[in-house]
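The structure under discussion appears below in the form of C-alpha cells.
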Amino acid sequence: MIKELEEMLKELEEKKQNQEAFKIKRKQIIEEYKSKLTPYHRVQLARHEKRPKAKDFIENIVSEPMFFHGDKLFSDDRSIVGGVGYLGHVPITFIGTNKGKTLEENVEYNFGMPKPEGYRKALRLMKQAEKFNRPIITFIDTPGAYPGIDAEERGQGEAIAINILEMSRLEVPIISVFTGEGGSGGALALSVANKIIMMENSIFSILSPEGFATILWKDGTLYEKATEVMKLTAKDLYDYKIADRVIEEDISFSMKGFQENFARLKEEIIKELESLRKKSPARLVKERQNKYRKIGGGY
Amino acid sequence: MIKELEEMLKELEEKKQNQEAFKIKRKQIIEEYKSKLTPYHRVQLARHEKRPKAKDFIENIVSEPMFFHGDKLFSDDRSIVGGVGYLGHVPITFIGTNKGKTLEENVEYNFGMPKPEGYRKALRLMKQAEKFNRPIITFIDTPGAYPGIDAEERGQGEAIAINILEMSRLEVPIISVFTGEGGSGGALALSVANKIIMMENSIFSILSPEGFATILWKDGTLYEKATEVMKLTAKDLYDYKIADRVIEEDISFSMKGFQENFARLKEEIIKELESLRKKSPARLVKERQNKYRKIGGGY
Amino acid sequence: MEENIRDGRPIISIIKKLRRFKKDFKRMNAPEGLFERCNGCGDLVPKNKIGERFYTCPECDYHFNISSGDRMNMLLDEYKVINRTYKFINPIDFPGYKAKYKENRKKSGLREGILTVEGYLNGIKLVAVALDNRFFMGSMGSYIGEEITRAFEYAGKRDLPILIFSTSGGARMQEGIFSLMQMAKTSIAVERYGETKNLYISCMTNPTTGGVTASFASLGDIMLAEPGALIGFAGARVIKETIKGELPEDFQRAEFLKEKGFLDEIVHRKDMKEYIYKLLKLHGYRSCKG
Amino acid sequence: MEENIRDGRPIISIIKKLRRFKKDFKRMNAPEGLFERCNGCGDLVPKNKIGERFYTCPECDYHFNISSGDRMNMLLDEYKVINRTYKFINPIDFPGYKAKYKENRKKSGLREGILTVEGYLNGIKLVAVALDNRFFMGSMGSYIGEEITRAFEYAGKRDLPILIFSTSGGARMQEGIFSLMQMAKTSIAVERYGETKNLYISCMTNPTTGGVTASFASLGDIMLAEPGALIGFAGARVIKETIKGELPEDFQRAEFLKEKGFLDEIVHRKDMKEYIYKLLKLHGYRSCKG
C-alpha cells in the first residue's frame, strides 16, 4: 500500500523539471492518497516497520537525551526506554515504548510489549521527574502489555492499575504522544496525561483488531472488518475528545517527510507545555483527573 | 546449658513442699543462674529452638491478629509475617521475622532470613499502616538478610536501604521489639523505630558472631571469642542508648515463664505506645530521625 | 477479555470418575433439578446443600458463581440500591450492540452487569458493589465505569467504607475506546476516594480478568479473593498462543496469586462476612444500628 | 563485609596466555616500575598509558582502584576539603583496634577512609565525597558515617548537589553495633537532604559491598557505577557457603546489576566528568565561575 505511493512519488521525481511545480504536484498526490486511506490502511501505517519508532521520535524531539535504566526492583525492561533531556530549554523526563525495525531488534525489545517491570520502570522515572519538577512526555507505540506467564506472575494487571492511579496524581505536566500503535491497557498505563497528542496515522484502541475479531467473532482473520467498526483512528479519538491534538503527517516515508512530522510535533508539544507549565500542581492534577472523569459519563 | 537449669528446676519441683518457699527458691536459682550468663550464653539463649519465635510473641501480645500476605511486586516471602490486630484497644500493624522451631518450619521460613521481597512486603504493610494512622510494632528475630544469588539479583542491598529510609519518615509511632536474634542490616531494615525494646536475652549485632570471627580472624570457629568482644547483649545496647528498654526474662523455659515475659513486654509496649500516640506526626518523624543522628557522633 | 472464562480443573483420576459415575447414576434418577454438577470436582451435588454452604460445593469447596443480588443478601443485614440512573448508550455506534444488549437483559433479567447498594454489615454502614457476570460476562463498559466511579464518590462523601466484589471478562468490546477509558476513570475514582482515608476492600471472584483486573479491582487497600478464583490480565488463550506452550495447572488462580504476592488473603465464602466485619471494625467503623 | 574483595575475572584462554608471556618477557626487561599488571586482562601495561586513561587499562578498559584524592583531581576544577573534625574513638573498646588503626594510617597515609570536599565541576559548585579503600578497605565506621551525614547536611543547607563515589568492604567490624547504626544515620541523612529537592548522584566503584550498599550508596537520585565494579550486599564467600554451589561469572558486577534494574547507567571513568556535568546542568545547577 505504501509501496504504491512510493512508486508514484519516485516516478514524479524522475519526471521533475520545475521545483515549484514538483512540490505542488507531490503534495497533491499525497493528499489524494491520504483521502483514500481507510482505518485499515491507517492501522497498517501505524504498524509499518519503516515508520519511525518511539526512540526515533525521542531522539529527534528531545535534545541531549540521557537514557536511564531499570525499575530498581527486578529488571531493566528493554521494551521501555526512558530518561531525561530538554524540550527547547525545558528539562523534561521522557518515556517511550520501544519497538524494533528488524526482527532482531524486536526480539530484544519484546516487540514493544512491556512486562510489569517495564511499567514499574516508567513509574520510577515519572516519580523522579515529579521530585525535580520536570514535565513528563510519553511516546506510545505498543501492541499492548506482554501476555506471558512471567508477566502475569509478576502482576501485569496490578502494574498497569498502579501506573494509572499514580500518573493521575503526579504534580507535574504530562503529555502523551501516540506515535504508532496504542494498544489496550498497555498503552493506557503510560498515557494518563493532561494532553494527548496523536500522530495522524497513529491508533489507540481497546485491543488489537486481531484480538477484537477473535473475541467478538471468534475469528482473528476478520481483523480488517474489526478496524472498520472499532473507531481507533486519531480522527475518531479527536472527535470523541479523548485526543486533544492530531498532528498532520507527511506519509511519503521519506527522511524529509519524517523530519517535517517531527518538527510539527515538537512545535505542538512545546506550545502545550508552555501553557501547562503555568498551572499550579494542584490544578494540573485536578484537570487531569477531570479529563477522565467525564469520559463515557452520559448517564 | 539450658538443660542444666531445667534439671535444677525439675529437681526443685520434685522436692517442693511449701508453695511460697518454692517460689522464692525457684527465683533464687534462676537469678543465680542468670548472673553467670556470659554473652555467649545469651547468644545461645537468643537462638534457642525452644525460645518463642516472633510469631509466638505476636500471637500472645496482639489481639485478633489478621495476617496479610505479599509485596504486590514479586512474591509472598514467608520469612516475614505481618498484618493487623489490636494492642489493648488500639489497632496496630505488626511485622515479624519468622523463624521455625523445627527443621521443616525453618525450611519453609528460610530460617528467618528475608529476601528483598520480604523487606518490600514489610514496607508495603507499614505504608498501609501510615495511611490508616496505625502504629507499627515490629518483632525482630533474624540471623540477617538471606545471602543468596536470587536475593542479590533482586536487590537485597537496595531493599534494606529503602526500608531504612522509608521507615525513618513514616508519620506513625514505630516500636521495634528484639525477641531473639537481631542480625545485621537485615534486622536494622525492620527496626528504625521511635523506641527499641529488647528482651533481656535478645541480641543485636553488626553480624553473626560466626561471620564476625571469619572476617576478622579468618576463622569462623572462634565465634565464642567473638561474642565476648562484640557487645551484642541487650544490656550493652541499653548502655549504648541504642535500646530504650530491656524486658526482664524468666528463663526457665516453661510455659509460665514465657507467659510472664509476654505480659511484661505487652505492658511495656502499651505504655510506650500511649506516650507516642500523643505526639504529632512531624514530631514522631523528627524524634526518630534524631535518635539515629546522634549515634556514633562524637567527632 | 471476555473469552477468558475457564472453569474448573481438568485432571480427574479414573478411580474418581468411576466413583462419580456410580453416584451420578443414583442421583440422575432422583427427582429433577435437585442436583447440580460441580465444576470443581465434577460431582453431582444436592442443590439444597450447595445453598446452605453459600453456594460452595460440599465435596470440594468449589465456589459457584453467584448473582450480585445473592452476594448482597449473603453479606448484608439490609440494603438499598443506589446509583440507578440508567439508559442505554452506544458510544461508538457499534453494529448490533443494542440487539445484543436486549438479548443479555432478557437472558439475565438484569439491566446491567453491576449492582451498587448502601447497606449494613453487622450494623456497620457501607457501600457495596458487585459485578454480575450473567450480563455480558461482567464486562466493563461506560455504564459500569460510571457506576463504580459514582459509588466511590458516594462513599467518599459520606465517609463510608466501600466493598467491591469483582467478576469480569474484562473491558466491553462493543464500546471500544470508551470501555478502555473506564479503566482510567475508575482508577482515578479509587485515588480520590483514597484521599479521604476511608477503607476500600476489593475481593476478586471467579473470574476477574482484563481491564477490571488492570484497574480498580487491583487497587484495594485490602486485596481479597475467593478460593480458586481465576484472576489475571491476559486471557489464557492469548498467552498460550504467544508462548506456544501449555500453562501451569494453577496458573492465574487465587492461590497462585497469593503465592506471587498479590493478595492479602484468600477467604472462603462462608467466612467472608465475618472477615470483612473484623476488617471494618479494625479500621474504626462502628455499628450505627441498635 | 571486608572479606568481599574479589578482583578480576579468571578465565583467560591459553592463546592469550602465550601472547601475554611474550609481551611480558619484553616488558619485564624494561626499566623497573614502568609497567603494571592489569587485574582485568592480566597484561603488563605501561603505567603512563594507564595514567593518561584515568587509570583504566588500554587493553581491556579495566578500571584500577584509585585514591580518593585522585578521584577529586580527576573530576573537579578545584576544591577545598571540608568536614575534618577528626579524632580516634573506639566505641566498643575493641581490643587492638587502636593499633590496627595506626597501622592503616601508616600504610595508607590517610587519616580515615573518606574524603569530603566542596568544589567545582566545570564551574558548578558541589559537595563531593569519595571513600578510599586503602584505609580499612573503605569500611564504614562511626567516623565515616558522621562525615557522610555532615556532607549531606552541608550540601542541603547550601542547596548544593552532592556526589558520592563509594568503595567499601562494608561495615567496620571493630566498631560493632555503632557501625551498623551508621547505615541508619546515613540513610536518614539522604532522606533529609531529599526534602531539599537537591540532586544526589551515587556512583558505585569497585568494590562496594555490605552496609554501604545497603544504605546511602543505594539511595542516589541517579545511580551510576563504573564498568566491572563489584557491587553487592552479601559477600561471595558467604553466598557460596549458603547455596553450596558456584556463582555465575558476572555475578554482582555492575553490568549484572544494570540488567537486573538497579543502575541508571554504567559510565566509563573517562566519560564520568562530562556525564555528571550534563546531569547537574539538567537539574538546574549553573556554573558560578567565570
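We call the chains A, B, C and D, going by the order they appear; numbering starts again at 1 in every chain.
The rule is short, and it goes like this: contacts are C-beta pairs under 8 Å (C-beta built on N, C-alpha and C of every residue); 3 or more make two chains touch, one makes a residue touch a chain.
Keep in mind that what you see is a predicted model, and the values were worked out from it rather than measured.
Following the contact convention of this document, B is the list of chains adjacent to both chain A and chain C. Pairs B-D and A-D differ in how many C-beta pairs touch across them, and the larger number is found at B-D. Centroids of chain B and chain D (each the mean of its C-alpha atoms) stand 33 Å apart. Between chain B and chain C, the centres computed from C-alpha atoms are 41 Å apart. With each centre defined as the average position of its C-alpha atoms, the distance from chain A to chain B rounds to 51 Å. For chain A, residues touching at least two other chains, in rising order: 72-74, 154-155, 158. Counting partner chains per residue, chain D has residues 260-262 touching two or more of them. Viewed as a contact network, the protein chains fit none of the simple shapes, being neither a path, a ring, a star nor fully connected.
Chains touching one another form the pairs A-B, A-C, A-D, B-C, B-D.
The residues of chain B lying in touch with chain D in their complex are 145-149, 151-158, 160-162, 164-165, 168-169, 184-185, 188-189, 192, 204-207, 211-212, 214-216, 229-232, 236-237, 240, 242, 289, 292-293, 295-299.
Within the complex formed with chain A, the residues of chain C that make contact are 1-3, 85-87, 89, 91-92, 94-95, 141-143, 145-147, 149, 171, 173-185, 187-192, 210-211, 213-219, 231-235, 237-239, 242-243, 247-248, 251-252, 256, 260-262.
Interface residues of chain A, counted against chain B in their complex, comprise 72-74, 120, 154-155, 158. Those residues of chain A that touch chain D in the shared complex are 64, 66-77, 84-86, 91, 117, 121, 128, 131-133. Looking at the complex, you find that chain D touches chain A at residues 194, 197, 199, 221-223, 258-265, 275, 278-279, 282-284.
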